[in-house]
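Labels A, B, C, D and E are assigned to the chains in the order they are written; within every chain, residues are numbered from 1.
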């Protein structure tokens, strides 16, 4: 049982500070997902929790105890490395059993646990191979296997599924979800995959440049992003931001307009705007719907179409030159240059200050 | 300018045959994407085209010439390795300029090309770092950078974006698409990301266990999967397969029914069925819509809900115990155990033989 | 494969082998001379030294030199002594020096860097120059044996073994190699709960095939070729190693035939040791090699 | 920056302790005893009490001076010349055994250069030491780069994937397993001046145009001959070190280079060589150390001769310590050798440091 | 019984070991007070072994030693005087008696001698007078013999001096030449300087002559390979060989008409080196009487003769000589007995000899290699003097 508290955590490489004061509370048994752009410090944070990086500042508490200087082996964590870090001189089986061997588990126990992990990971036929004889995804699964054969109180996953195909990834994702429920262990999970983040997380922490941008439940973040960065980061394709002028504003709503768009009233969600302000209207591509020219609020010409089968993403060049992404949940055919008109529900938009 | 022909290509590691006779034609300037489950042989195939693996059987032609025994350096290809393979002792800049250094390019040319690549990859500030000081995604971008600073006639990408966040990934994806259009080079691209596959590919090749399952344009594969494997592999969440009994069948349509589902008429798309056959009805989760109890054809209880923000995936336990995935393109709230009714358009289903 | 291509290939291959063989000759001829000479009577072998006959099994060949060598000196005993002393030292040295190397690379402790510099500086000291002070030292050291406490280590195996176990060069070899191991493997093991010793035992050592082989060979050669040290610390024939034994053959008239026979005999174990190690060495490389 | 996580004071000490204790006991202690000896008049065996003499031994060894000799003149004041027309100079003993110049007593000529009627003579108390120092430096400067380069070449050669390559690997390594004493004995036959194998082979290969050389008997060739033999003997060992370095370079890097179109040389230059950095440091240091310690070859083959052309420091240290029973003098040489090598290895490490 | 340990330099020499073991067996059986146990060492490294053992306080009761090193060991306190009255050995050849400081420290069972090996046929062909003990060759005769041999064109070199054997051979074989010239290694009265002895006019004359042997290609130089030294004379590549009597038997086997000529007289009489291996008792021995018993036992004529027969060495007494096949009157090597008796001169009897011999060896080699004679001799002199000074004159205190 382990709850984890990060308090003002900092990490520098030389003069370069990559974690710049991070506070996160992870409750015992919680599934916490770190997301953020490449290089924002996710792996570093994970490695600090594991005890592999020195902590330059702040405190790290596991289970109420300060563990800044505690050795990794005494922290009771298991970790899946982004670069796998599987032992080249051991077979897959030995790799998976490593933690058990270390703790002196019996042969039978090892065999059984490895067998179970291999089933979950669909790699029973590979158990006697050497890592050099595996494909990228297979190696990654070995790394996962090594973590799950043990029963640590904290799991750390660093992009564990990035090299797996969609089907297997979904499967693994569900397995990890199941594992989490079964073991009740605390899990910290780094991923670039929004689906993984949204589906697995009890709590998502969005990082940027070594700082926490927002943390909370997936839906909270999705529907109530604390700032423009989070709004843009979550959701794919990402949110459109349209420059608008604030005409009127109160504590609930604001009336905004822009060139070639009639004024609409949108919620301000706690932000303050004054008439005359320039603001950014956030509009998720999925919430844009095709409409007739007269109902439509936005008009543009198709500049790019991406057909994904069940979804069609369209890049529109609007009259004032800005571009807008729209996603339709159907396979639709568009011609490049085709003119389309779009509507959206103002209640589902977000309004941001431009410098957020 | 290079078109690539694979004819009966085979590859064995010892007794273990991992590529088992692959025929693919890739036209000059085409963007070809390989997809398939982890371990199916995608990387191996790519490495064979690059000249890094001996070819155990069959022929490989580039530009009309048999190149089975031609050295990699003479094949004029650039490659991004799944494991990056960046040079640890060189700075990012030197890594990116490597191909140019090799070919004796001038300093100015190197500086310019590296600068351009770094801009595309958003890593200008990292140019003087060593690979050991980079995050996973940053390393991957170095590998991409090294490939694109040169102007080869063939690009080989092995899961080049797997470690990047969604936003960056989308960006990179677009950059690669643009690059493809600009250079007109042939590109072969391995990915697990369906979006990448669907949006970038002129042609997708679906592999399984070292064999080609189907190849063709993304929409062709999505709408007309040649077999159950392809149907299940493309699209996320993947297609549902419901066991049905064929009541009547002709060359166009078949009438099928199953326990607790009224008979419906579905297209057979070239397949032959006889009355009394058991068949599998393929139904994409996206094509299932909520309905009223009496309109609905399928009924089930919610067993799992995944809310992704713009989409909600529901796992239903149907009355006969099988499960069905439905994806709704909205953020919807469901309770576990809630009973829902679903309808679908029979024309959008696929009918497969059970042993395909 | 086109015909021209295969011809070219064969030609290139042929040239490669030719180069390899020519170089091999340079290395093997003097040794061939040794082996061939060991079958010739002394005066004949001396006469043959001036011509190619030196490398050829010509003339009156016999095993007389070998029987002669065995009569002159207890060759078997010397070889046994050398192998025993060498083997023990190599084993102990590998363990102790690799442990030290591990500690210097992966662990941090007070005084580590200073200690490392000092130890590395020690391999600059040629042994010949410390032999006498060392002799004075070991002649006074205590030893707790089966028959109680005794003083002085002379005339024993231990005096030939213990001072040679640790040396700066071997530690340096390990340090250099360990520095190049991927750090994340160590990290992975740490997270998995391995103690430092377990990391050493189960991760680092299995990955260290090449350096172990190199260090073992080096140590083996140094130990097997020991001359000055056993000469001064061992007075009893029963502990003498092969190189001291070589002196048995340099009488007023060196028995060159027997010398060659003896040299051949004492070279065989080393060669065997190398061959065995080479196999292990290659196997370890094959298993740790990384593929893209 | 001290790291708290990787620090493991107790474990660290425990792991390193056995090695440290042994080295302390059996290398460092005797070495310091030796340093102590070099400051006394310690003899190998002597009934006389040992006296502290300070740096006397070093002074005796390092004492060096330049003296000028004026050419002899005849009664007319003209320079006397010999048959070749070279000016004739008085003998050195007119200075070194002259009661008027006691400071030069006991000194001998190392070398001289003549300008006009004056010969500038470098004299030293211990010429042999200076010659040994010079020869050792030459030996190291020749052996280190050449042997390292050849060894690398061989390693690259046998790193190919060819059938039977291990046979060659073994053959190239074979001289290493033969004791240097044995090798030196064998090569004495090969280098023999009259009917040596080498002379006969060279004469055969040059269709008898080659004039036999007394390889070990000629002061100009003796050191070269020993250098060649030393390289021949040890190159296989360094080949193996290079080889193990080569095999730790990840194959993907070669693959990446091949894809990028790099030629053999470029692959070596950009992938292999940088990947061998650690190994190169190792090889160079090991060779340098071994070269500085050269002893057995000299002892067996030339005993420092002819005319001191193969004197080396360790040979001299041993010669003095044991042969001449002058442990103090021998120790002083060892200390000087130690200091030289220490400086060199510090320079080497500085040059090859991680940047 | 008291256990005695004994060290002997004959390891690897089958014949020698056999006899030594025989003697020890006989001794052990002949009485029951003492029991001698033998430890054999290879000759080449024997001195180093003994020195090391002495340093470590590990010496045996009885040990043998090469004659000229005895003073050094005595001075260092390794040895004690033999507790045997001197006249017990009155019949012994002078070279076999190790006397230092007026006391007898060691006694040898044999002596060795060097002679000029020649073939009768060659002598005749070149028309040379056969020198005798009474009338040895003069320097000029010797040199013209060498010139004649060289001129005949039948030989690679006129004489083999054994230059390949760089060890004690140099002082043993070549120092007598210097002495015959009138020079020496150190002042043999005071043993406190080499000045004027090693670099005096006589020594310089010797040096010039010595150098001319090699400069004129009369003899192979220091780089001679051991093979040539061993087989050269036998194969007829050299006309003469300056060689020890231990090679005599073997040479006689191969060369029927070999004869052994006395050393030439370079002005101050013919001289050869004396003193070979001898037995002594270590200072640390707790049973010197027992050791003395053994030494007395071992120096019986029958063992002297046995050694001589086996090794070809000169037995220490006349009576023993008569019992041997080579040295009895009229025996093929009898000439050596005469040589030893008449010409043998000991190497300097001083503790400093250990160093002096090394200095001489280097000087002789350097001069042979073409170094400046006077400078080389000066340098050698300086070295010997420095060594004497460093050892406080090798005085006992």
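The rule is short, and it goes like this: a residue touches a chain if its C-beta (ideal position, glycine included) is under 8 Å from a C-beta of that chain, and two chains touch if they have at least 3 such contacts.
The chain list, named the UniProt way, goes like this: A, B = ABC transporter ATP-binding protein; C = sn-glycerol-3-phosphate transport system permease protein UgpE; D = Sugar ABC transporter permease.
In this text, all values refer to a predicted model and were calculated from it rather than measured experimentally.
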Inset, instruction - Using the contact definition stated above, find the chains touching both subunit D and subunit E. - result: C
Inset, instruction - Determine which two chains are connected by the greatest number of contacting C-beta pairs. - result: C-D
Inset, instruction - Mind having a look at which chain is the central one, using mean CA positions? - result: C
Legend entry - Chain whose average C-alpha position is farthest from subunit B's own: E
Inset, instruction - Return the distance between the CA-based centres of subunit C and subunit D, expressed in whole Å. - result: 22
Inset, instruction - Averaged over CA atoms, how far is the centre of subunit C from the centre of subunit E? Could you give it in whole Å? - result: 39
Legend entry - For subunit A paired with subunit D, centre-to-centre distance based on mean C-alpha positions, whole Å: 63
Legend entry - Averaged-CA centre spacing for the pair subunit C and subunit A, given as whole angstrom: 56
Legend entry - Per-residue overlap in subunit C, given as positions that touch at least 2 other chains: 49, 132, 136, 289-292
Inset, instruction - Hunt down the residues of subunit E that sit against at least two other chains at once, touch-wise. - result: 48, 51, 55, 225-227
Inset, instruction - Any chance you could list the residues of subunit B touching two or more other chains? - result: 47, 52, 81-83, 85
Inset, instruction - Flag every residue of subunit C that touches subunit A in the complex, lowest number first. - result: 182, 184-185, 187-195, 198, 202-203, 206-207, 284, 287-291
Legend entry - Touch list for subunit C against partner subunit E, complex: 42-43, 46-47, 49, 71-73, 132, 135-136, 139, 152, 154-155, 231-233, 235-237, 244-245, 247-254, 256
Legend entry - Partner subunit D, residues of subunit C touching it in the complex: 13, 16-17, 19-20, 23-24, 26-28, 30-31, 33-34, 49-51, 54, 96-97, 99-100, 102-104, 106-110, 112, 115, 118-130, 132-134, 136-137, 162-169, 171-173, 176-177, 179-180, 196-197, 200, 210-211, 213-214, 217-218, 221, 224-225, 227, 243, 246, 259, 263, 266-267, 270-271, 273-275, 278, 281-282, 285, 289-292
Inset, instruction - Under the touch definition given earlier, write down the residues of subunit E that touch subunit D in their complex. - result: 48, 51, 54-55, 72-73, 75-78, 156, 166, 220-228, 354-355, 358, 362, 365-366, 369-371, 374-375, 378-379, 382, 385-387, 390-392, 396-397
Inset, instruction - Please give the residue numbers of subunit B that touch subunit D in the complex, ascending. - result: 47, 50-52, 71-73, 76-79, 81, 83, 85-87, 89-90, 98-99, 101-103, 146, 150
